[in-house]
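Shared between the two complexes below is subunit A, which pairs with subunit B and subunit C, respectively.
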Partner chain A sequence: MAASAPAGAELLAIRDLRVTFRAAGRDVHAVRGADLSVAEGETLAVVGESGSGKSVTMMAALGLLPENAEVSGSIRLRGRELLAMDERALRSVRGAEIGVIFQDPMSSLNPVHTVSRQIAEAIRAHADVSRGAAHARSVELLGEVGIPDPRTRADDYPHQFSGGMRQRVMIAMALACGPRVLVADEPTTALDVTVQAQIVDLVDRIRRDRGMAVIWISHDLGVVAQLADRVTVMYAGRVVEQGPCADLFDAAVHPYTAGLLRAMPRLDAPAGSPLEVIPGSLPDPETQPEGCVFAPRCDHAHDPCAAARPALLPLAAGGGHAVACHRSGELSAVVGRPLPARVGPTLRAGTDNVRSHDAPAAAPPAAAPPAAAPAPAAATPPVVVALEELRVHYRGRGSWRRAAAPVRAVDGVTLDLEHGRTLGLVGESGSGKSTLARALLGLEQPSGGTVAFGGRVLDSMSAAGLRDLRRTAQMVFQDPAASMNPALRVEDVVGEPLRINRRGSAAEQRARAAELLEVVELPRELGRRYPHQLSGGQRQRVAIARGLALDPQVLVCDEPVSALDVSVQAQIITLLSRLQAELGLSLLVISHDLAVIRTIAHRVAVMYLGRIVELGGRDDVFGRPRHPYTRGLLDAVPVPDPHRRSRPAPLAGDPPSPVAPPPGCRFHERCAFARPGLCDTTPPPLEEQRPGHWTACHLADEIAASSAPDPAHAATG
Partner chain B sequence: MTTTVSTEPAPGPAGPAPVVRRGRRLRDHTTALGAVGGVIVLALVTVAVLAPVLAPYDPAERAGTPFSPPSPDHLLGTNDVGQDLLSEMIYGTRVSLTVGIVAAAAAMLIGTVVGLIGGYFPRLGAVAMRGVDVVLILPFLPLLIVLAAYLGRSIVNTVIIIAILIWAPTARVIRSQVLSLAGRDYIVAARSMGAGHAYVLWRHVLPKTMLLAIGEFVAAASGAILLESSLSFLGLGDPLQESWGSTLYWAQARGAFLTPAWKWWVLPPGLLIMLSALGFALLGYALEQRINPRLRRS
Partner chain C sequence: MLVVAVSLNFALPRLMPGSPLALIAGVEVGEMTAEERAAVTADAGLDRPLVVQYLSYWKSILTLDFGYSFRQGTPIEELVLDRVPWTLLLTLTALVVSGVIGIALGAFAAWRRGGKWDVSSLAVMIALESTPQFWLGMLFIALFSVSLGWLPSFGATTAGADLTGLAWLADVAEHAVLPVLTLSILSIPAVYLSMRYSTLSVLGEDYIRTAQAKGLRPRTVMLHHVVRTALLPVTTVLALRLGWAFGGTVVIETVFSYPGLGRLMYDAVSARDYPVMQATFLVFTIAVLLANLLADSLYPRLDPRVRV
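Moving on, here comes the complex of A and B:
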C-alpha cells in the first residue's frame, strides 16, 4: 500500500482491514478497507467522528471484536499476522505486547479489588512472578504514572480515586507487562480539561521514557495536535488522509479533514469567526458505496468521485502525507489559502452581532452578516432572570449518630441573564453548573437566596404561578436521546409541552409541532418517526424545537453539543445563534468546552466549587482572564495547532469535594499564586475589578502585573 | 442558512450490535420455554372452561363404590364417598386457576400502586418500602393459617389472604423500574415544561412499567396456585369448592397416602398442581426475560 511509513521499523501495520458486523440479516460495514501503521517510539493519532470505525479498527487488532464480526485484511505486529492467531496466542499478545486504555476508567476497573491487586493480576497473567514481586512492581508502576504516595494508595479501591487518578491506574495496568504499543481509546473524553492535560502529558512522558509506540484514538483534534507525530483521519470506515501532524494541520488536503478543522470551535481563532458547517451526516453503515465515502457531503465532488473509490496515495512521491481523494492534486495546490467558495453559504455563528458592551477595545468583526447585526448593545439589555445569592445544598449521607454535612452544590451565586443574550457557564465537573440550571428552572428547591424572573421571585409564588413561570424558561439537555421518551413519535415529543399545558386541540398541537420542526430546519415528515430513527444532530434539533414550543424567553442548554460530533456541533451552535437573533431568546449555555462557550456566549461566568470566580464579557474572560483558575482552564485547553505545543504546566490536582470546601478562597489549594494567611483564610468577594469584569481573587491585580499575557490569548480579543 | 437543512439519512441501527449471536440463542431458548408454559396454561384454562363438557360425572354426586381403583367407568377411581376423582380433578382446575389468577391480579394491582408511589415519591417511598420489607419477612405458612382461621373459610377470603402475602416482590420490582425512570432526562424535561405528577406518572412512567407488571402477574399466579393448594390441603380452603388441594386433604384424612390408592388419589392432584405452577412459572420466566430491563442482555 502506498501509505508510507516513516523511517523507523513498522511495529504494527494494518493493511486493507475490513470489518463487517452481521446482525439479523443486515450487514453493518464498520471498517471498509483501512490502512495504517505505527512505528517504534512514535505517537499515531487516529481521528474520526463516531461511526468512523476508529475504535473497531483497534479492537480488531486486539482480537476483541464480538463473534458476529467478520474481519478480513491483515494486521501485523512485528511481522506476525495477528488475524491468523488463535485465541491463546492472541492473549499472550494482548497486555504483554499491546496495552490498552479505555475511555471510562470506572467501568474498566473491578470495584471490589484493590488497584494493586488488579495490576498484579495483569502482571501475573503474563509473567511467572511471585505475589510479592507483582505487588512491588504494581506499586512501582503507580509511582510511574504519578499517583502520589503509591505505597499507601496501592491498597485502595477504585472508588477511592478521582476520575483522573483512575485513568492513571488504568495506564499503570496497561503498562504492567511493558507493552511495545499502547492503544488509548478516547482516554480523556470523560475527563475534565485540566485533568485531560495532565493525562496527555503523562502518556507523552511515558512514551518517551519507554520508547514505545502510542496509538491515540480521539475525536478531539486539539488533543491530537498536542501529542501526535502522525495523524490518520478516518471517515466511514476508511482512511481519508494520513500524514505528519504538522502537515495535516497546516495543509489538510482532503475536504473532510479541512472541513473538520474549520468546523471545530477553537480558542485561538479570532472571536466571532465563522464556524463552517459540514452538511449532512455519515453514510448509512449498511451500504457499500462504490466511490468515495465522503462524496455525498463534499463540495468538490465531481463525477468520478461517486464512481470509483479513491486510493490513499502520497501527495509527493515518497512523502509521508497521503490522501484518498480524486482531486487531491487540485486541492493541494490551493492548500494554505482558504478553499474556493463553497456551494452552500458559509455559516457564521451569530454571536458577533452583540459585542460584549464592556469590551470597547475588541476589534469589530470584519464583516457581520446584515441579518445578524442589531444595535451593538450600547446600553445593558434588560435582565430576564436574576439569581441572588442562590444556594442549593443537598442533604448528605450521614450515619445515624452524626448529621451529614450538606453537599454545597451551589453556594452563593449572583448572576443576571440578559434579554437576547447568551451567558456561558463554564467549570469542571462537580462545580455546580447543572444544579444552578435546575434551580433556575425551579426543578431544584433553593436552600437560600432567590431566583427572580423579571422581578417575580420563584419561591414566593403559588404552585400555579410557578408552573406558569416555568414555561418562560425551557431546557435543552446534553443527551438528546435520553431526553425524549423513546416510545413517542417526534411530533408528540415536540408537542408535549403544549399537551401538558393544554394549549389547543390535538390537531393544533400537531400542526404547531410541524411548524416548530421547520423552525429548527428539519423536514415536517420527520414528525412521524421515532427518536431512535434520527441521527444525533437531528435529535438535538428536535429537543430544541420542543424547548421552543411554549415561546419561552429563556432557553437553558446544558452541554447542548458535547454528545455530538464536531461537524454536527457546528450545525447546532449556528442554529442556536440564529434562533436567538430571530426570537430574542436569552440563552444560558452550560459547557465544559471553553471553545464552544467562546463561540456562542456574549458573557461568560466561570464557576468553581459552587461559586462564580470570574464573570465578564467573552473577550474579557477569554482574552484577559484575571482569575488564576480561569487561566488554568484556558491553558489546559489543547489548541489544535501542532506548532504551539509548549504551554504552562497544567493545573495540578482535582477539585476538592463540595461537601467540605476549603476555607478562604476555594481555589487556593490548587493555586500557584496563593498567599498563606490571606487566600486560605479570607474568601475573596466577587468584585467588579475592571468595568464589567468581575473577579473573585485577592491577588488578581498582582498576578496580572507579574505575568505578561499569554500571546495565544492576547490574540483572541 | 437554509442549506443546513440536514437531509441526513437516519443512520440505520446505531452502530454494530454486539453479542447478537449469543443474544439470539438465549432468546430461542427462552421462547421455547415460554411456549411450553403457554401451552400448559392454555390447556388448563381450556379444561377449566369446558369442565362441564369434559367431566364424565358431577363431582358432587356419588357415582360409584367408595374407594374403587381406576376402572373404565372411573378412570381415576373414586374417593371415600364414591365421587369420581377424574371429575373432581377437572372441576378442581376451575377453583385453582380462578384463585390463582384473581389473587395474582390483586397482588399486581397492590404491588404496582405501591411500587409507583414508592419509586416516584422518595420520602413516601421510604415508608412504603419498609412496609414491603415487613410483608417480605413474614413467615408465610403460619400467617396463612392464622389469617384463614380468623377470616373464615371461603374462596373470597382465600384470594384476599394470598394477595396480601404475594404483592411485595411485585412492588419491589416495579419500584426499581420507576426509580430508574424517574431520573431520566425526559421526565425532568416534562417537569420543566410544567407537567404535574399525575401527567408524568400516567404518560411516561406507567406505560413502561405495565409490561413489567404483566410479567410479574404471571409469575405471581404460579405462587398463588401453590399457596391455594397448601391452604386447601391444610383444610383451610372453601369447603364448598373442591380444589386439588382439598382432594389431597381428603386423601390424607382417609389414609390414602399409606395405601395403594395414592397412585390415583394423591399423585394426580399433586402432578396437576406442579404442572400448573410450572406452566405459569415458565411463561412468567419467558416474559420476564423479554420485559425486565435488568435481565435483558446487557
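Moving on, here comes the complex of A and C:
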C-alpha cells in the first residue's frame, strides 16, 4: 500500500498493523490495518478520537500490549522488524531507541521513588554506568528540560512537582538514553493551556537540538497544527488520511477529517457560530466492517463504501497526501467549495462553520451568535444568582511547629449570573473555578460573603434552604460515568431528583424521565438501559437530563465536555445552547478550554488564584482582552492553523500556591508588564474600566495603548 | 480512644453471666449462706457501687497495680509477665514466617494472574482462611505427636526435665514447632490475599507501564516498582497483626496447652476472674493501639507522599 512517504530516511515504518484483543470469546478490533511512518528529524502527529487505535498502535511498536493482544503486520525500526524480536531484544529498543511520554505525568511516575532515581534507572537499564554517573546525568537532563535548580530538585519525589514540571521529568526520562524516536502519547491533555504551550515548545526544541523523530499522538487539532510536519488521521483502527500538515488543514479530503476540523470549537472562528456535528458514533469495535469504517456516519457514502474497504492511496495532486476514501477523487476536486451530498441536508462545507443537522437553513454566521452585540444597560436581563465577596478557605495542613495557613481557594468573588444567559468561567487548574461552583450550589460552606438567589440568601445549612437551593440550581459534572450510580437504570438516574423531592407518583416520574430524555435528544427506550451501556456523549446527555429534572433556573456545568471527543463535544455544546434558548436557563459553564467558552458563553469571567481578574462580554474578553493574564491564556491556545505558528512566548511558570498568594496583584510574578512598587504591593480592584468590561489591572490602559510588548521579558516564575 | 477501650474493659467482664463468687470461695454459690456470700463479696470489693469499682479500677491502671487474681491469689503483674515471653515466641515467629511467605506468594500469584499458580494458590488460601485453628492444631497433634511421635503435643517445656543451655533451647524449640506451624499456616492467607490484591492494583498503574517503556527487565520492574509500592497497604495489615500478637492466641494456646497470655485469658474468662481478665484485655488493647501508632509512624517512611 503506497502511503505517503516521509521526506528523509524512514526511521520507524508501520505497515498494515492489526491488533485484536481476545477476551472471553469476544474479539475487540483495536487496529484494523494501519500504515504510518516517521523520518529522522520530523514530527508526525497521529490524530484520532478515543477508540481510533492511535495509542494501541504505538504500544504495539513498543511491545507493551497485554498478553491477550494478537498483532500482525509489520513494524520496522531502521529496517529491523520489531514484531519478530524476542522480549530481550525488544527491551534493548524500549527506552534506548524509542522513548515514550505518557498523558498523565502524575500517575506515570512512581510515587515512592525520587525523580533522579527513576531517570537513573532508565540510564542504567541500557548502559553500564555507575550509580553516581547516572545520577549526575539525570541532573543534567533535568536541567535540559527546564527544571529550575535541578541539583536540589533531583532528589524530590514526583508529588513535589507541579503538573507541568512532572511532564518535564517524564520528558527527561524519555530522553535518558538518547532515543532516535520520541513517542508522545497525549502529553499535554492533562495540562493547562499555558503549560501545554511550554511543553509543546520544549519538545520542539529538543527535536531540533537532537535531530530526533517525534510521534505526537493527540486528539487536539490545535496542538497538531502548531507542531506537526506531517499528520496521520486515524479512525476506528484505520488510517483515513495522511499528509503534510498544511495540506491536511487547508484541504482535508476525507469526510471524517473535514468533519473533525469543522466540529472543533476554535478561537479564530466567527464568534458564536454553531459547530458542525458529526452524527452517530464509532462502529462497534467487536465487528469487522467489510467496507469503509466511516461509511455509517458519512454524508457522502454511496453503495461501494459499505461493500469494499477503501485503500490509502495518494491523491493525484501528489505532495505525499494520501486518503482512504472511495470518493477521494471527486471530493479532492471540490475541496473548499460546497459539495453535493448524497444524504442529509445540504452541506455548506468550507470554513464558515455553519451547519447543523437540526437547522438545515442556518442563518449567516454573523447573525447567528446567541448573544448579539452587548445589550444596552437598560436591557440587562434580571440577575438570578448574585455572589457577593464570596470566600471559600479550606483549613490547611499544619504541623505542631507551624499553624495551618488556610488554602484560599476562592478569595473574594463578586459575580452575577443573569437570567437566560451563559456565564463562562475560565482559568488554570487551581484557580478556584470548581470551588466557586460548589459554593454556589451550597456544596461548600462559604468562609465569607454570600450567595443570593433572586435576591434571597439561601441558608444551605438548613434542610429547607438546601431543598430550595436544589430546586433552583443543579449541576452537570465533568465525568458522566463517575457521576451516576452504575446500579440504576438510566430512567431512574434521571428520575431520582423527582423521587427525592416527591414529585408525583412513580408512574408520573417515569413519564417525566422519558420526556426529559427526549428533551436531550435521546430515544425513550434508552431509559431501560444502564449507564455503562451508553457512550460518553449519551451519558453526558443523561446527566443533563437529570440536571433538568426539577426545572431549575440555573445549571452549573463543570467542564461538561472535557471528557468527550471532539465530535461529541460539538453535540453537547449545541445541545446546551439549544436548551438554554428554549428553557430560559442560566448557565454557568466552567472550562479550561477557551474555545469552548467562546462558543457557548455570553459573558466570560477569567479567574486567577481565587479572584476574578477580568469580566465582560464574550467579544470584549476574547476580542479586546485587557488583563495580561487573559492575553497570556489566549496566546497559549493553539490555533488549528499551520500557517499561524508564530505566537508570543507562552506565559512562564506555574500559578503560585493559594496558601500564600503573592502580595499586591496576584499575577505580578508571571506578568511581563508588572511595575515594581505598584503591582507587587497594591492589589488592583476589579473595575469597570470600559462599559460592561471589568478588569483588575493597574496598567490595563497603558498596556492597551502600547504596542505589543516583547514577551521575552516575561518573568520566569 | 484509650479511655473508651479501658472503660469497655471494665464493663465487659461484668456484663458476662455468672459470678466469680463460686471461684473465690471454692464452693457453689447456692451452697453459701447469705452472710458468707456478703463476706466474700466485700472481701473482693464487689459490694461497692459500680462507680466506685470503676474509679478504683482506673486508679489501679494508673499505678500499674493490678491486684491479685481471684483464683490463684498471685499478683497479676507476675502472672502476665510470666506468660508474655511464651506468647511472643509463638506469635512473633508466626508473624515473621507468615509475613514473608504470604508476601512472596501473593506477589507471585498476582504477577502470574489467571495462571495455574494463581488459581491453585488462591483456592488453597481461601480454604486455609476458613480452616478452624483448633481443627488444624488437633490434626497436627494427631499426626506428628500421636501417630509419628516426632514432637511433643503440649506445654512450652518438658515438665520436670530441668534442662539448661542448649538442651533447654532445643526443648523449647521442639515444643514451639507445632503451635508456630499451625499459627503460621493459618495467618498466611490474610497476608497473601492483601498482597495479591495490592499487587494487582499496582500492576495496573501507569507508572508500571512507564517502567516497562524504559526497557527495564521484568525482575527489576517487579521488585523496584511493583512490590515496593504494593507493600504499603500490606505493612498496615502486618502492623495490626503485631498488635494482635500480644494478645496471644487463645485457641492455639489452649489446644497445645501452651502457657501464654491467650491461655491465661481463657482460664480467667472461664473462672470469671475479673482482675485477670481486665489485665489481659488491657495488655491486648494497649498492644493493638501501640501497633496502630507504629503503623502510622512507619507509613511516612515508606510512602513519601504522606510526609509532611
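Some observations on this one:
We take it that the second predicted complex is superposed on the first by the 656 of 717 C-alpha atoms of A that agree within 3 Å, B and C clash if a C-alpha of one lies under 4 Å from a C-alpha of the other, contacts with A are read in each partner's own complex, and residues count from 1 in each chain.
Everything below uses one rule, namely that a contact is a pair of C-beta atoms (placed from the backbone, for glycine too) under 8 Å apart; a residue touches a chain by one contact, two chains touch by 3 or more.
None of these values were measured; they are calculated from a predicted model.
When both complexes are overlaid on subunit A, subunit B and subunit C end up clashing with each other. When both complexes are overlaid on chain A, the residue A:Val277 reaches subunit B alone and has no touch with subunit C. Contacts of A:Ser107 after superposition on the shared chain: subunit C is touched, whereas subunit B is not.
Of the two partner chains, subunit C is the only one touched by A:Ala125; subunit B is not. In the superposed model, A:Arg391 lies in contact with neither subunit B nor subunit C.
In the superposition on chain A, A:Arg503 makes contact with neither subunit B nor subunit C.
In the superposition on chain A, contact is made by A:Leu64 with subunit C only, not with subunit B. Taking subunit B and subunit C in turn and counting the residues of subunit A each one touches, the greater count comes from B.
By the touch criterion defined above, A:Gly95 lies against subunit C but remains apart from subunit B after alignment on the C-alpha atoms of chain A. With both structures placed on the common chain, the touch criterion links A:Tyr157 to subunit C but leaves subunit B unconnected.
Within the complex, the subunit A residues that touch subunit B are 21-24, 26, 28, 30, 50-51, 56, 66-69, 277, 279-286, 343-345, 347, 438, 441-443, 467-468, 470-471, 473-475, 477, 479, 482-485, 487, 496-497, 500-501, 521-523, 529, 532-535, 537-538, 541, 546, 549-550, 571, 574-575, 578.
For subunit B in complex with subunit A, the touching residues are 1-22, 24, 184-186, 188-196, 199, 203-204, 207-208. Note for the complex: subunit C touches subunit A at residues 205-207, 209-217, 220, 224-225, 228-229, 232, 302-305, 308.
By the touch rule above, subunit A contacts subunit C in their complex via residues 62, 64, 91-96, 99-100, 102, 104, 107-113, 121-122, 125-126, 157, 159, 170, 173, 176-177, 397, 399.
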